[in-house]
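Two complexes are shown next, each including chain A; its partner changes from chain B in the first to chain C in the second.
Moving on to the complex of A and B:
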């Protein structure tokens, strides 16, 4: 086994290679925009160059004169279609072609459709808008913002959590800090560009588009187009990076569907990298004020976390990470408050660990500062404040292995060799710093359906409308079936990413492995029950051996007594060629409406902080070494170690890969990523990968992921905690902690750049 | 992207003839109807973005003159054919040994794939990457003369602190050019008015009131070679590039340095600065400040102060003055300490 395929420990599955690995590396995996489609026409978007005002005139003549131009869809052409409804499946409530009001920079003003991609692009570039322009509000501190309380504005963010009397406890605390932190706008920039391919087959609409939520989109798109959802199909078998950006549907999808209908031809629109900044969602910029009060012994008595987040004028998108930060440690008292600041911007949305990334960054940076203020080792400080129950509802954690994570990561990192004195460690002209931070992510699960068929030839077909966004869910779902049905993984075909399959929840909130595996488990167990019943029935090959433990292995039913029967023979006695089971999994605590909502594309989430019996979170600890040049102050990260505990690990290879990707992203969030907003115009400036920096290979040196064994039966039947979003939580704070240790400079505003260290 | 005519002339004179046919005397090479393309890594990008709009591309890659593809080392120096790829020059043994500053400047630029595609002449002539220049909805005097400069009071972290004007503060982003200007390179060009040699320092124009005029070249002039004179002590030279990430990023500040030392005393220094100026920037004042001095942190610091004495900061790029100075100090000390 090599580093990429860690040896499984207790409660960890085999590091099987991804079932679709070969397809991906040989270019045979067809991403939605790759799909060969006959008689296709190409669409290109024209977008606004102002952030606020009205389009008074659209000049289309030059565009119409482009040879090969077929159609232009613009104002008036969407009137028979309903506007998007902001919420689960829609990124925004702005129907850009429904009215001439401009709400944000880069808003769609037309779709040019032509015989070739080049002609469509040329035509789109030639569409000229005249505006009645108003002075826009860019962000925090710009004139014209409107601030509202976040609590209750989103079903996911019901309240500002609190506990005890913060004011009194903070006033009485012997040691305290009161600091402000900020994180910038960030765009996902998945390498696969955003695209929609739509075609009609009679009155049926088929859309190929990278999507993390085919069921939700089917229902929402049908609503916009006033159609029966059964007549809409969304297909998204492979996705080249999503990170939340392909969770909500954007207005483009309906516009392309309308274009395809008008032309009676398939239409494909690939959004340019630059246009994605204004037509898709992004991570909102956030600000934080954190107050921590503690005794001289390091015990925290008071914790307050206030957050401010930018959102659009039409839609109140809530980031809201105080539920996690308010439950992180054993604070004596907690006070939180989240505010939304509305500006003339497109509506933000989910981006990998949406609430936790910015909020835990602020908390963990503050924890490091508090430890320094107390003169205490930062790991020790966390150990002292390890809670027995979470401070808000006083519920137990279903499992919590944070200290094990700290211990194992500290050991592997060599934390003991760290000289705690700031600026004391050097290597030639490089200042060396070491820091750490906690990662946390809520463990949620949602209803999910799956269909599994076992054939007499020993093949398995598994169908589930979940999404392979690169996490390996196809592989782990197959592994689950392989294990329960005793069939080798190469005999199992897994179909996903199509709204005509049994519905699965949105692939967000790190719920996929838990939800999909629980449904697959249920379907497989139903097949097992049928097989066993048939085998043990009168005349069956295991007749007489009732109520025994049994297992399925290598195509056989094996009873505890040692008796066995070939599955093939059991099916023969049943006189069937296959057994197929359709299972609907609903988590503990699900409402009677839960399955209905699954089919409606609005699944309930359970777990996290929602359950009565306990709160459910996955934890990790990350340690980072940085080097800062004595003269020029550039920051490099030669080493990073993360230890994570997330219940049952289905596959150590795909789990490590997710956590590794998260940690790398965390380094990017610490040092590179930021979308710059021109504050005069409320427009994005660095709209491509030349100026929107993410780490490259040379930035990532020695990276180690430790999978800490953990068993948790309370979270879901599969015993799985999501870990897709765990790895990038906390990383930026660990980097900031290391930078402080190296330089004595406490950087509170991300990203940490040379200019902050030069002064 | 607009349709264009694509031609592949087979020798220099044919290419020049085509160019002069479809351009006029006053055309700027970057605004002319017919434009040369080499690796295309800069020009094709700007055509897709609608920033460059030639309706005729003259591809230089089929020109039969072999000297265009050769690196020749002689007693007099080194001569790079215009079509030599960045990667080839960066890996050339003699270049690495005799002019480490050149090899470094190429090795630290762009990515492996781009270095394999991009030509040396194209590299030298690459256009700025100012975000407001790259996206056609912004006001930009360089792209549309007289339309204003959105960067001046906008987000200008990457912009220049040296050599700017009220009309434009776009940075010259190339790396190789800093090495060339420091080493007194000469550019060979051929056009309809004949062949000529242009001192490298005269090739690029500061923006002044006419930021759309970027170089001294005419629209029908082909760069054929870049010649670097012999300079034995250039073995003690290096290029230091400071950027936001470890690779594949433009310089926030860079320094090309070559030193002729007598013990620790500077007999002669060659210094150019990148990432901070509107054109390849020879820091002669810093060279003069060091001449005859013992090179240490103090004298290097004084030279760096002199180099940036005239620097003009804007809202987001003021840090480049301090960073530029420190980059130069570090480069000077590292060059002093080179084992040659």
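Moving on to the complex of A and C:
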């Protein structure tokens, strides 16, 4: 088999090609801005050129003079709709056209609508604002920041986890480190541009927009527009990369909907790549102080993690990864604290593994330094600090295969051949370094609904309002139905990405496969129950048999005894042409409100650190080889190996691809990605794909993903742990570890660039 | 067939053209005083006049009346309805809009439609044969799972065909270098290289 389609091991599903693969290679997969819409008008945004102050005057005459201009939506035009409400369905509480106050650079000040894209762009560029400008606060260390404790201030972050007496344990520790780390602002930059297309059919509103959360958006948009949510439809059949950026809706959506209403025709606004930096969310920059104390035997006795994160003035977004770092190893004592630093910036948001990427980076870089300080092998250091229960609540892990991951990845990587001495490995002019780090991601699950129909012709139609953001969720949902109904995958059609479908939770937090597959499983099992009952009823083809011995395969009910009956014949005896089941899945521990909240677009998350019985996480271990040129200090990553255990793997092909993409994201975190902020004006500088660096093909060479078998029945009925956000956690620390091994330089501020290695 | 009137397209890239017309507007946000830069000279009216442009796309002839500022990308997507070609940056930085013009890969966002008058354009929709058989590169992208979200994929496939036909697919390192103008944010890069290795032989013969 090709590397792309790993042979399934225990508890791993077949590497079927994606069910939508043909559409994607022929240009027939329609992303929201591709959906044919008649008589469309084009919108272009005008955005503020200051970060703080007030718009005193807008000069629109030049814009209005552009031939083909149809309308300009600006201050006053949104007065009849409500402002956004900050939360999982809305990126910010700022209603940019509700108020002339400017909260950040690049804030929307108007939408120009014209007959053509060219005319709309020309008009938007001719809109002139005059400002009453105030000096903005850009970031950490800028004058005018306001720092608040995260815990208790935001519903996003409950508490600063702690255990035991850190101060005493740290003071008494024989070996200790106390270091600071930082991660920069980063923007998701999915290759699909952000866009909104809106049109009205009578009093009903249809929005085509790439979304990871169609149900949540439907409800929030209806609230803003003071409409019945049943009259709002969000359509997002394919999403061109999301990574969290399309989880919360931004204020643009309502503005375009209002423009379409005023004009009485469809309006499409495709945000430019540059404008996306200020009108969408981003990964907040973070700072960390980590203290680790251990005995000379390497057993950790004290761990403290303090984090500081930039957020906006109006909204307290919390990154907050201490819940995971505080539970990672068997520390004797734990102290954590998270602070929010408010500045004149747009509100940050979820970006792939939002809490874990920066926080686990800091922890794992510190773990590597601690191992070096102790003179221990970094793998052995993790091994001896492997916990029996998590240190905060003393709960067991539902499953934890971290050491198996380390062992398998280390063997594949050839860790034993590493000379542990710093700077000892060379290849010509290249200094060779090898490092490793742990990946962790909480395993959560949320309520989800699905409708499955099995027809007498043997076709299956599966409907679920989840989102195909590239994860392969369409494929794995189809695979679950295929397996439970005994129908080949090519007879199954899977519909997703539309708020008129049964609701699914936001496609975030790596919950989709677990939540969707659990709902599909439930619907399919309800169909099985009906089929079996009909088959064994008096006069049925399997009358007298016991249905617990049954399975469905190749369009037949097959009993253990060998007896079988065609599904088609069973449906005939039932005198129906199809069986359709609508299933609502609610995870263990769900509140009585859980399903109501699913329909309201505010689904409950369970699992992770939330459950009473155990904590639930997926783990991995990553090993990286770097090469640093002895003269130029150019850094290359020729080799990376990751081993991951994530419960049941639905499809080894899509799972491997997601983990591979995550590991490459991790290389980008380590070496490339940073949004530069002009500290004078609180403005993003490198607002395009030329200057915002992401990994390209030439940056990646030998990459290996190992799927470590793991069985976990406690996480959810499907037995699935999410892995879309696992692969990029820890990678940057593994790179930093390898850079240290090659050069002796411990880099604690990301990204690691040549200049840090020149000094 | 109508000629593209006033605008000579010889040696005129979109980037140079835009620099001459809207750069003053683009530069304005860099100033911070309340007194803004003078309004830029209005775009010359002739540039807004629609021009009849003849394009041959996927072996089919189209005659379009276009604003001269219309990129080949926007002409394909908004005027012809071939939305397989994607807009990822509109600045020639991501490769999602790659098409073949007279057999060579071109960033369609950096090329005005009028500059392609009379040329042969191939888009992702034109690769599979009429009986539905996929181009070997399309099949290889499926086999090697060389995409996730699929948005950059049309550009990757067109670029991959261009890369092979240019003779830049002899080694894995060559492929990586000559495919680095096509960003895949899902980061399917190793699978893209595997797909090109799988399909290069058949593509050369295609």
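Following the convention adopted for this analysis, the second predicted complex is superposed on the first by the 753 of 759 C-alpha atoms of A that agree within 3 Å, B and C clash if a C-alpha of one lies under 4 Å from a C-alpha of the other, contacts with A are read in each partner's own complex, and residues count from 1 in each chain.
As a convention for this text, a contact is a pair of C-beta atoms (placed from the backbone, for glycine too) under 8 Å apart; a residue touches a chain by one contact, two chains touch by 3 or more.
This one's a predicted model, so the numbers in the text were calculated from it and none came from an experiment.
May I ask you to decide whether A:307 touches chain B, chain C, both, or neither, giving the answer as first, second, both or neither?
Neither partner.
May I ask you to decide whether A:273 touches chain B, chain C, both, or neither, giving the answer as first, second, both or neither?
Second partner only.
Check whether A:189 is in contact with chain B, with chain C, with both or with neither, and answer first, second, both or neither.
The second partner, chain C, only.
Between chain B and chain C, whom does A:244 touch in the aligned arrangement: first, second, both, or neither?
Neither chain B nor chain C is touched by A:244.
Would you check which partner chain A:654 touches, where first means chain B only, second means chain C only, and both and neither mean what they say?
second
Output check: A:758 vs chain B and chain C. Expected answer is one of first, second, both, neither. What do you get?
first
Counting residues of chain A touched by each partner, does chain B or chain C come out ahead?
C
So, does A:321 touch the first partner chain B, the second partner chain C, both, or neither?
neither
A:541 contacts which: chain B (first), chain C (second), both, neither?
neither
Considering only the touch criterion stated at the top, classify A:5 as touching first (chain B), second (chain C), both, or neither.
A:5 sits against chain C, while chain B stays out of touch.
Which chain A residues contact chain B in one complex and chain C in the other?
Shared contact residues on chain A (touching chain B in one complex, chain C in the other): 49, 118, 122, 125, 688, 690, 695-699.
Once bound in the complex, which stretches of chain C touch chain A?
Interface residues on the chain C side: 22, 25-26, 28-32, 34, 36, 39-40, 42-43, 48, 67, 69-70, 74, 77-78, 81-91, 93-94, 96, 123-125, 127-128, 134, 138-139, 141-154, 157, 175-177, 179-194.
Quick check on the complex: what are the chain A residues that touch chain B?
Counting only chain A, the residues touching chain B are 49, 118, 121-122, 125, 274, 429, 629, 631-634, 636, 671-672, 676-678, 680, 685-688, 690-691, 693, 695-699, 753-755, 758-759.
For the complex, which residues does chain A have touching chain C?
Going through chain A, the ones touching chain C are 2-5, 17-18, 20-31, 33-34, 36, 49-50, 56, 62, 65, 67-68, 116-119, 122, 125-126, 128-133, 188-193, 238-243, 270, 272-273, 468-472, 653-654, 656-658, 660-661, 664-665, 668, 681, 688-690, 694-701, 703.
Help me check something: in the complex, which residues belonging to chain B touch chain A?
1-3, 50, 129, 131-132, 134-137, 150, 153-155, 157-158, 242-249, 252-253, 319, 322-323, 326-327, 329-330
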